[in-house]
Amino acid sequence: MEEEMEAGVVKKFMYVNRKQPYGTVYALEVLEMVLISAAFDQDVHLVFTDDGVLQLKKNMATEGIGMKNFSKTYRALEGYDIEKLYVDQESLDERGLTEDDLLVDVQVVSRAEMAKLMDQMDVVLSA
Amino acid sequence: MEEEMEAGVVKKFMYVNRKQPYGTVYALEVLEMVLISAAFDQDVHLVFTDDGVLQLKKNMATEGIGMKNFSKTYRALEGYDIEKLYVDQESLDERGLTEDDLLVDVQVVSRAEMAKLMDQMDVVLSA
Amino acid sequence: MKFAVLVNEGPFNHQASDSAYQFVKAALSKGHQIFRVFFYYDGVYNASKLSEPPTDDRNVVANWGKLAEEHKLDLVVCVAAALRRGIKDENLAAGFRISGLGQLIEAGIQADRLVTFGD
Amino acid sequence: MKFAVLVNEGPFNHQASDSAYQFVKAALSKGHQIFRVFFYYDGVYNASKLSEPPTDDRNVVANWGKLAEEHKLDLVVCVAAALRRGIKDENLAAGFRISGLGQLIEAGIQADRLVTFGD
Amino acid sequence: MSQLHTVSKSPFERTNLQSCLKLATPGSAILLYEDAVIGAMQGTSMADAVAAAAKTFSLHVLGPDLAARGLDAAKVVPGVKVVDYAGFVDLAAEASAVQAWC
Amino acid sequence: MSQLHTVSKSPFERTNLQSCLKLATPGSAILLYEDAVIGAMQGTSMADAVAAAAKTFSLHVLGPDLAARGLDAAKVVPGVKVVDYAGFVDLAAEASAVQAWC
């Protein structure tokens, strides 16, 4: 299969999450991409910036809007060896959030650090 | 038909255009709504605010993007007795435009006047 | 009171159709009447009977159909918007009908309030 | 150079698919190779063979199909995104095929550049 | 009787709420729902502007959308009222017309 | 070699361009296309900010999208380069990667 054809090629993939969960489907469908790229043994980075930091908020309760709470999936990422999660401090600050509000461990970086990291990527998928 | 059933009922309809043409389909599909409401003999108002003022820009040339230039339709509105077109001065100013840039006659009003007008409507359809 | 509802986004990509559905349910619970739910722009995709969401999530298309059956709702898909986007009688979900934009204007005239969901 | 292209919006509602089409044509004209065009999110609606736009406007679905035929392009629609939105083999337009998200990741690995159009 | 203005997109992402605040007449009702609910929270960089708006308008936020996003309804900007879908219906019924800013 | 950043939505409507300018590294190429092209014009309320950005980044705008909207390519902010789709392809080819801000 393709997986074998690609053996050995490892690229730096980055998923840039800039939107809230639920208001649009992007957060959910990005997770599907992320899980597949892990299966291809790529070097996967997840960035949460702007409203994307809200994807990681603790205590989501979606019964009232009739949609599935998929925030557990972020906790499962570790099991797929996806451990490079970055959040920028400025986006948290603007939204009145702190690291304690987030349901998974992330590296909190400055916008300047995030910019530098982005520039090193081979493939950037954003939503 | 329904048209006859409604005879006599005239409501103030307002179409609020806030988006550019071409980047999305809203401008084009709003025009389809506008033409139908004229056929129902309603009191039709068109408002162009924010990026919506760009829908009325002269000299559109869409060959390069492969899409149909539908700006002629705005000129045809008069033929359907749709003559209440409003643009707010502030939106023009922000985009460096003047009334001379527009391809149809409109009433240029202040935002305060536009706000007052909106508040008098029975049905508001926005995009 | 008589409400009309306009849904302008497709299912899944935006929450608009979900919010409209919750609004309609709440209005019915309070004894209001829903004159019509009209689907325009990408909203016409809400009427695709081929839509198969994951089984552990809500089914937007089916939910509308069920609600329509229970409360005799009139769910109308704009024919022009639908033709462009590939929604036709052959893939139209149960509970929906395809008709002209005049049905939206009529809803605006007949209903006491028209409430729009989505861009 | 080898390009891969990702289209994330449906036809008509957003310009994204039109821009992607123009980009692909320009890249081919310059002698570049298009490894794959992948359709995700609402982008899967670009593959609906039932789409019938007004005859005086461009036909986005047909344009992709023709370009694919002329240049042997690989147009791939994401199966998960498509199932949710009601795009299946029975309404799949000519020139497109339905496959997994792995095809996108593979395109990211194989192509020199991946260029995304639309939200 | 004045209008109900609804805003569904995040004020951090789009300018819809800004436009709405410019064009709504004082005393009108405004409802923030879907992604717009973040705009109702205390402690954000726009909380002061929202608190000021709450003095001019009758500002509301949809509770189920707050809860879905893990946002605490007890921590909305003072003056903003939390409603459920039934409250949304009431707001629409009480208004002269409903204008969506998306 | 640095990235190409693409922005397609209007900076009057969304905050994408702002976010892009905050996270692109100096010297990167930025292309405004589709509704974003209004951001490249002289005389707008954001023209000064865009002129400043044109000193830090290699700023481009897509000509066919300007023409479609009736905007005069001769009146873009000084320092912004007008390209066609072939130029868009070149920018993508010359970049280390392409990042879409939508």
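Structural remarks
Letters A, B, C, D, E and F mark the chains in the order given here, with residues in each chain numbered from 1 onward.
Methods note: contacts are C-beta pairs under 8 Å (C-beta built on N, C-alpha and C of every residue); 3 or more make two chains touch, one makes a residue touch a chain.
Fair warning: this is a prediction, and the values are worked out from it, not measured in the lab.
Contact with subunit B and subunit C alike is made by D, E.
As for how the two copies subunit C and subunit D face one another, over half of their interface residue numbers coincide.
Relative to the C-alpha centre of subunit B, the farthest chain centre belongs to A.
In this assembly, the chain whose C-alpha centre lies farthest from subunit F is C.
One inter-chain figure worth recording: subunit C and subunit D are separated by 28 Å, centre to centre, where each centre is the mean of the chain's CA atoms.
If you average the Cα atoms of subunit E and of subunit F, the two centres end up 33 Å apart.
Measuring from the averaged C-alpha position of subunit C to that of subunit F gives a distance of 38 Å.
Those residues of subunit D in touch with two or more other chains are numbered 12-13, 15, 19, 22, 41, 114, 116, 119. Each of the following residues of subunit F touches two or more other chains: 8, 12-13, 15, 34-35, 64, 84, 97-98, 100, 102. For subunit B, residues that reach two or more other chains under the stated contact definition are 18, 22-25, 50, 65, 67, 122-124, 126-127. The touch graph of these protein chains has some other shape, matching none of line, ring, star or complete.
Annotation, chain-chain contacts: A-C, A-D, A-E, A-F, B-C, B-D, B-E, B-F, C-D, C-E, D-F, E-F (touch as defined at the top). Of all residues in subunit E, those touching subunit A in their complex are 8-10, 12-13, 34-35, 38, 41-45, 47, 63-65, 67-72, 84. Those residues of subunit D lying in contact with subunit C across their complex are 10-13, 41-42, 45, 48-54, 61, 83-88, 90-91. By the touch criterion stated above, subunit D contacts subunit A in their complex at residues 6, 8, 40-41, 80-81, 100-106, 108-110, 114, 116, 119. Residues 12-15, 18-19, 21-22, 56-58, 63 of subunit D are the ones touching subunit B in the complex.
Note for the complex: subunit E touches subunit B at residues 2-3, 15, 19, 22-25, 28, 96-102.
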